[in-house]
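The first chain written gets the first letter, and so on, giving A, B, C and D; residue counts start at 1 in each chain.
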Amino acid sequence: MKLIYFAWVRERVGKAEEDVVPPASVTTVAELMRWLGGRGEEYAHAFEHPKSIRAAIDKSHVRPDTAIAGAREIAFFPPMTGG
Amino acid sequence: MKLIYFAWVRERVGKAEEDVVPPASVTTVAELMRWLGGRGEEYAHAFEHPKSIRAAIDKSHVRPDTAIAGAREIAFFPPMTGG
Amino acid sequence: MQTKVRLQSEEFDAAAETAALTRGRTDIGALVTFTGICRGAESGEPIAALTLEHYPGMAEAEIARHVEEAKARWPLLGVTVIHRYGRIAAGENIVLVVTASSHREAAFAAAEFLMDYLKTRAPFWKQVESKSGKTWVEAKGADDAAAARWEKPSGREAAE
Amino acid sequence: MQTKVRLQSEEFDAAAETAALTRGRTDIGALVTFTGICRGAESGEPIAALTLEHYPGMAEAEIARHVEEAKARWPLLGVTVIHRYGRIAAGENIVLVVTASSHREAAFAAAEFLMDYLKTRAPFWKQVESKSGKTWVEAKGADDAAAARWEKPSGREAAE
């Protein structure tokens, strides 16, 4: 699946997007964030406060307990500050 | 004192303004309306529902129980419909 | 703090007024513009025009007083109020309220406050011109209710 | 019902947009325009510009979805939303919301609803450029609270 990062999540991870294949045990958005946080120092920094990170699956807002099965594109970003 | 009428109060009375000298017994806005209502058919028609008439003394909104002593200009008009 | 209150019979240019309020400034973060327009139908019946009667002197004073109250209630950086009187054809502007602030909450609240008060307290009276003749517009209870939400619970200064 | 949603990096002309929304119509009685402008200072510190990052595709969809919700909630006659992205210098426009209706209540409510949602749900992130470097703007609790007032007590939207 494709992951996209925005704003300081992108800056901390050090890339705007990437393709990943998480293990089968990772089934929800929250679990995906935890798994990403274990992929190295920059990821640990980016995902250290998962409650301050929002997620979207295929361009729709989702909650941490949403299942990731079937997702093509999952985005992680800080709370929005548009308008 | 000078009286000014607006909108349908003006149309019913048949004039935009006039000078009147009410008797000393007329001390409030409500009493003035009652007294004006007794001045002829057109006034009776204009002031038949005093609750739907608003008043201003010297260009400030006033309530029916406001004293008219010292007033230079008293205006009578329907509820406002500006904006 | 730029304040402009104007009564006029001629049409106004809302865009020029908002431009005048913001020109050369970088402290304004939120600008709310309300334009009231003469509709071509009233209660389903086509209308040709409105005629707005007003109480000269009192109308200016009432509007200016409410602009001052808005400035005391919200951190505003600019206010413009223009209200027309006389004959206004369908499609023409009737009233303009522009409020500027650092943030949107103050700008929105002040614009709504001013409009609610203009509807219920400013001495203007609308007459509708249609095929069936001229009729005075009746005041709406909904407008009084809208204005009442800004009223303070007690005493002049109480809730300020 | 005229609806326009546009994302763009270049500046927009609020006056031209409101003119486009009202041209040739006599059913509109109330027009509310909100313009969000890049201020020259943030928390007391002078800023040179903002940079707005956005999520292409999702931003358009989120805004369009909220415009549809506004149209379902209020009797609107027209809505325009324009949101810029990229670098925005102090004094330039960031966002425009225009709502048209027969009466002012609907136009005001829809404009505030759309702005509250743009602030909290549309995927845009503001970065401030000042002497001390570039800083991401933090989301404000006040904006979440403002958006929450439009939430329905139960049903589909409540859980979002």
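Observations on the structure shown:
Everything below uses one rule, namely that a residue touches a chain if its C-beta (ideal position, glycine included) is under 8 Å from a C-beta of that chain, and two chains touch if they have at least 3 such contacts.
Because the structure is predicted, anything quoted here is derived from the model rather than measured.
Annotation of chain B and chain D: jointly contacted by C, touch as defined at the top.
Looking at chain B and chain C, no chain is in contact with each of them. In this assembly, A is the chain whose CA centroid lies farthest from the centroid of chain C.
Chain A and chain C, compared by their mean Cα positions, are separated by 48 Å.
If you average the Cα atoms of chain A and of chain B, the two centres end up 71 Å apart. Inter-chain centre distance (chain C to chain D, centres taken as mean C-alpha positions): 23 Å. Taken residue by residue, chain D touches two or more other chains at 36, 104, 115, whereas all remaining positions touch fewer. Multi-chain contact residues, meaning those touching two or more other chains, occur in chain B at positions 83. Chain pairs recorded as touching, per the definition above, are A-D, B-C, C-D. The touching residues of chain D, counted against chain A in their complex, run 36, 52-55, 57-59, 61-62, 83, 94-95, 115, 118-127, 136-139, 143, 160. Across the complex, chain D is touched by residues 14-15, 18-19, 22, 25-41, 90-91, 102, 104-105, 107-108, 111-112, 115, 142, 146 of chain C.
The part of chain B that touches chain C in the complex is made up of residues 4, 6-8, 56, 59-61, 75, 77-83.
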